[in-house]
Amino acid sequence: MSRPVTPGTLDDAITRPGGELLAVLSRHLPAIRSGATPNDRDGAFPVATFRDFARDGVLGATVPAELGGMGVSRLHDVAVALLRVAEADASTALALHAQFSRGITLTYEWRHGPPPARALAERLLRGMARGEAVVCGAVKDHPGAVTRLRPDGSGGWLLSGRKMLVTMAPIATHFVVSAQAPVAGGPTLLFAPIVSRDAPGLSVIDGWEGLGMRASGTLDVAFDDCPVPAGDVLARGSVGAHSDAALAGHTVSSITMLGIYAGVAQAARDLTVTRRPGTPSAATRTLVAEIDARLYALRATASAALRNADELSPRQDMDADDRGRRMMTPFQCAKLMVNQLAAAVVDDCLTVVGGATYVAGHPLARLYRDVRAGRFMQPYTYVDGVDYLSAQALDLEHDNNYVSARAVRPVDGR
Amino acid sequence: MSRPVTPGTLDDAITRPGGELLAVLSRHLPAIRSGATPNDRDGAFPVATFRDFARDGVLGATVPAELGGMGVSRLHDVAVALLRVAEADASTALALHAQFSRGITLTYEWRHGPPPARALAERLLRGMARGEAVVCGAVKDHPGAVTRLRPDGSGGWLLSGRKMLVTMAPIATHFVVSAQAPVAGGPTLLFAPIVSRDAPGLSVIDGWEGLGMRASGTLDVAFDDCPVPAGDVLARGSVGAHSDAALAGHTVSSITMLGIYAGVAQAARDLTVTRRPGTPSAATRTLVAEIDARLYALRATASAALRNADELSPRQDMDADDRGRRMMTPFQCAKLMVNQLAAAVVDDCLTVVGGATYVAGHPLARLYRDVRAGRFMQPYTYVDGVDYLSAQALDLEHDNNYVSARAVRPVDGR
Amino acid sequence: MSRPVTPGTLDDAITRPGGELLAVLSRHLPAIRSGATPNDRDGAFPVATFRDFARDGVLGATVPAELGGMGVSRLHDVAVALLRVAEADASTALALHAQFSRGITLTYEWRHGPPPARALAERLLRGMARGEAVVCGAVKDHPGAVTRLRPDGSGGWLLSGRKMLVTMAPIATHFVVSAQAPVAGGPTLLFAPIVSRDAPGLSVIDGWEGLGMRASGTLDVAFDDCPVPAGDVLARGSVGAHSDAALAGHTVSSITMLGIYAGVAQAARDLTVTRRPGTPSAATRTLVAEIDARLYALRATASAALRNADELSPRQDMDADDRGRRMMTPFQCAKLMVNQLAAAVVDDCLTVVGGATYVAGHPLARLYRDVRAGRFMQPYTYVDGVDYLSAQALDLEHDNNYVSARAVRPVDGR
Amino acid sequence: MSRPVTPGTLDDAITRPGGELLAVLSRHLPAIRSGATPNDRDGAFPVATFRDFARDGVLGATVPAELGGMGVSRLHDVAVALLRVAEADASTALALHAQFSRGITLTYEWRHGPPPARALAERLLRGMARGEAVVCGAVKDHPGAVTRLRPDGSGGWLLSGRKMLVTMAPIATHFVVSAQAPVAGGPTLLFAPIVSRDAPGLSVIDGWEGLGMRASGTLDVAFDDCPVPAGDVLARGSVGAHSDAALAGHTVSSITMLGIYAGVAQAARDLTVTRRPGTPSAATRTLVAEIDARLYALRATASAALRNADELSPRQDMDADDRGRRMMTPFQCAKLMVNQLAAAVVDDCLTVVGGATYVAGHPLARLYRDVRAGRFMQPYTYVDGVDYLSAQALDLEHDNNYVSARAVRPVDGR
């Protein structure tokens, strides 16, 4: 008899394609797990794993079946898949998330975007399904740099600037870049040009050494008058528009990362909670109970937010601003708690296992570093999340679009 | 258009009878809410509310429709109903829980028990549906007293002892009592005699003054050679049997109380998070964000545990011990977190609203006292919950049946 | 051999008068302890205790020996005395704090004030030493009321308004009142008129029912054109002056309350941590260790802040603003932590002792209610404390004088 | 005018030699600070810094002046010195602690030990004062190895086994090793042989890569029938003796490490709390206030425990067991809280500064890894500390000597 599933805790996929993705991934997990420690040590991207992913269709998991993909459409199931990968290696899951996330948002463009966006999306999605297109997001500007588009004079654009924290960059074939285009006499417009890796003027800059998530291939990408055809640019509103409609896309892009931190916490728990000789100490019993309770709450909370996003995401009948907020608010509640609970679980696991974990290569030491990434991820960091949630609760004026808000924030080098 | 429901957070009923119960209850909420402060002050049981409940069928909400009840069978929906009542008054919800819980467990006896238990259960359930039977649980022995059954010599029993913390006692018509019956040369047997309030030798003892939940009618009940017919006694295993099958019943009896503490936290939040003149301070914004995030996690966690119990409760195909543990473990994870999160939410609400709450009659002062009850409720208190969860996680020998475990614990006057 | 003292933890007095005060108080503690439960239940002020205090010179403990008092001048020793009393009954300690605090601040006026203030202070201090003068502070305006002084046309003043949360009011002979006096064309001035209880137009309003600290005699006092002679008014700067010099006085007035919450936590701990039959559970052991560690930190932190205030308080050579901040900042760090740690200790004590504490009259239930007062006390509540500490740390503009800041805050009914 | 000192918070030395040590160290701090990042990256021990320490007498700071040392005798002042160094680099402080600690314990042997121990101690102390002797402690057995002394047949001993986590090993000239010597028919005896680095059979094993404290030179040391003269062995009681007298020595050896974690937290705070452009967010203000409050409590708590140890350490008149416990209990309370508060401060600092800290070489990333060492240090780890403190509080039987207790614990590979 198969293991009973605990409902509402990201324990299993809820759609058939989701289940198929889990089945395919399960064959890769041993290799991913065995690469986790050396790749973390060396800051090495698991190129072979992604080659295998490409071969087995994993890179097209979130591409619609009509376009050749596996057709996983539920955020819940994507998160479960990332959870399983993160149990083996969080860095690999983070990189894979970048591809899954692009699949979901490009599918949205393909279904609901204007015709040129549909064509662009279809081209990329078919490439992802064939394992040929690897598409990264590049959102965060390097301190001091503002990434900008300007007309090239013949209907296209030129892109200049520098992005940091671009995950999966070592194998990327395309980058979806957040860029501003100043307009004389009007508000600054926001765009998302999609740039091919071999575009002139584009360079991927090696050398990032993270505290954790060290095998995620998180690098800087610089653009120096990089030409972008007009058809490869998605419109993303304007700075200061305070449009909450954008929150739907932001939620969809990022919410599945909750699965990654659930996987990190679960991995830490499973390394810790094992029968050992002798009577467990009082503190061990207390911490183990707290670990299991927190992990359960973490998984249940993430699951609820994912199901909410899955329910609202296809709703074209709702007010778009309202839908954006109704997707983002549960996501942010869940994100705040998942980040806090995952860090607490991992920390208590180190305490239970003891001094043996205080070695760079110990899996729990890696998880202690990896888990800390969660609170820095947009949308939103803890600090921005407090602003968002309190503005919602207290009905305060606030620009909830973090891309827009960042565009006008003073640069402080952080 | 109706308000969209947030899935997985106890936001609405998931069955038709559950929805009908919510509709009936909604008519009672204003009166319950307005009685909360005076009843708390006076320690007065809301007799009129329960008279109205009886009239409207609420006291038979969990009785099967075949027996004249409303037929609410999902624990999830019972918890949502208790949540709504607890938002108005937690004491009323706690008392109502006692009746709802008896409806569910007696229905189980009616469906799956031996023939005499079925007959007994049917009689009581029909009475509950008519609003005539009000059935309390009486589990906890008074310190120093052990409640015992002994044969009366003619096939029946005599019950002696004293129970404390019997909720809804002022209007009870029957008590389901946990009792021991020593057997010469064998293990002590456990029984649950069901005793009518007018049985000779039974006395309900007034005078409890709680820290909180003061209107819940929580009293002592004493038994002095109280006669109990053989047919009114349910078998409950033996002391020290370490039977985990009993955990299913324990879960079903108590898990819906999670809704009560969700309601307490929600009520505190709603009293606190309102637009006020002026710019909110930094601490207010931070606490409000934390309050909303914790409340979301609390509701999601409780919801997941309830859905799990609903799924496993009818499973007659599983190993009974395994089923018991699979129901209890998520419940205990959820209970530990719900108790902690609810208390944290209420405490932060007092901090945000400020010194005005430090008055006996302030609703937040009441919630501060009410919320503290959660950690004392079986199964399990925090202390016993740590023992249970760590024993499960670390595969340690442990008597998980708290009724059995309590039966052999040294009396310490607590 | 006498018990060794643990340094730096408020374990004993550090001056001879401080030690004498402890000796006198020790004779009163049994009566205070036995009155705690009934006075809490009834909200009754311990009049007899204060009569005994008057007789034994306790009401003049902080009056200089030259004026007939016991001459306890160190804030540290005052806090230790309050800690001892609070272990027996926190309400009594809170009321006694009001008198001790007035002794200290009036002594400062007597030594450093302008001549009329010196005369006024001497008169009151001599009365306190004789046990005849009982002097309350009345700072917080009733919502909606602003307490104001206006000239009576013949050199004196008329006082109108209403104060709330005036502790020790039932036996007060005098009130030191925070009042505003608007000045045509200039900033509103702040004054502290000292009003005799029998002044025409003054009424003490009974009927407060607190969540905790119920025996502290905390009442409203109303003033209706109450005449105040010119010589009975102390100048307190002006609204919006942003004078940090005032922080020294605010610190001295309130910092000894840290001893009260240390006493509450210690009392909870001592009710909980006792040898009981049987093997303690894992959670009990863990919580007991956490309780003792937190209590130690609480006491050490309070002690350090008190010693700092004792060292800086007499420093007339320093810049007055700088001295104010250097006294207030450690006090606020300590207050934030003491409030948090004391509440955590008490809460864990309830968890360890269990359901028996969930009774209105249980000492731990009282302490659970009493301890919550700490976070509402000025200076500062948690919310205002975050504003103060972050403004200090980040060098932000902020009016640190809470009396001044409150004077311009919009009334919101809290 | 010099900066006023905040009393009771490890703000300054309280003895003249302590002040002199701070003055000498202040000259080294810039170099230590600038080496912190590269040494952490490379796991490189700061050999040059310790060469300079040797030259300037720092390695003899805790050696009595009569023996040529600086004569710093107060644990408080040693902790302040370590705090200052740890603000610049925690690894350097941890290594320096090893030397300071040996100076203190050898001075105790020199003053109170039996004659052979005095001679041995004097020889080493004079070497330390000259900067020639560098003496490490080697306590923790490698998993699977038990370090044992056996008679060499001619009055001396042979030492075999393997120690791990020996800090400052790269430059050590001597090792004080915890070793067992089984005695036929009696309890296993405990000894502390002092072994010269060039002893035959001793090897220092390179290759440790820590999660943090990476420049502390923490290595394994193996012994293969290493000869030890009889005069170079200190007696340390027997396994299972339950002698609490040993706790005094354990406290003295380790309590000054509290200064290291205070320094780590202070450094994190100072990297975080600076005026930046723009209005700080609500979460930033709240976290900054919490950071400063916790840091104050941390420093005050550590200071109190250090002062207590300083007061009791020289007390030869007390019962030795009682003195041991009275030193250890406040130390453990302080250690539990310091570890918790320091970790919380560092974590909140990362949150405030944001994603820029999530880089291996960022100082806050280093502090995030360094601070985690605290909870693993003996005496006691968190788990063992709970056992100790709860046994003290609840009067339970417990072997408080962790060296003895470890000697009988089943090996589990941690």
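So that you can tell them apart, the chains are marked A, B, C and D in the order they are listed, and the count of residues begins at 1 in each.
FYI, a contact is a pair of C-beta atoms (placed from the backbone, for glycine too) under 8 Å apart; a residue touches a chain by one contact, two chains touch by 3 or more.
Remember, it's a predicted structure, so these values are computed and weren't measured experimentally.
Novice: Comparing the two chain pairs, does C-D have more C-beta contacts than B-C, or is it the other way round?
Specialist: C-D
Novice: Call it same or different for chain A and chain B: same when shared residue numbers make up over half of all numbers used at their interface.
Specialist: Since more than half of the residue numbers are used by both chains, the interface counts as same.
Novice: Just curious, how far off is chain C from chain A if you go by their C-alpha centres, in Å?
Specialist: 52
Novice: Based only on mean CA positions, could you tell me how far chain C sits from chain D in angstrom?
Specialist: Comparing mean C-alpha positions, chain D is 41 Å from chain C.
Novice: Of all residues in chain B, which are in touch with two or more distinct other chains?
Specialist: 276, 280-286, 289, 385-387, 390
Novice: Which chain A residues qualify as touching chain D in the complex?
Specialist: Touch list, chain A to chain D: 140, 143, 165, 208-212, 214, 276-278, 281-284, 286, 343, 347, 350-362, 365, 368-369, 372-373, 375-376, 381-387, 390, 409-410, 412-414.
Novice: Mind listing the chain C positions that touch chain A in their complex?
Specialist: Per the stated touch rule, the residues are 280-287, 289.
Novice: Show me the residue ranges of chain D that touch chain C in the complex, using the header's touch definition.
Specialist: Those in contact with chain C are residues 4, 6-9, 273-276, 280, 284-286, 288-297, 299-301, 303-305, 307-308, 311-312, 318, 326, 329-330, 332-334, 336-337, 341, 385-390, 392-396.
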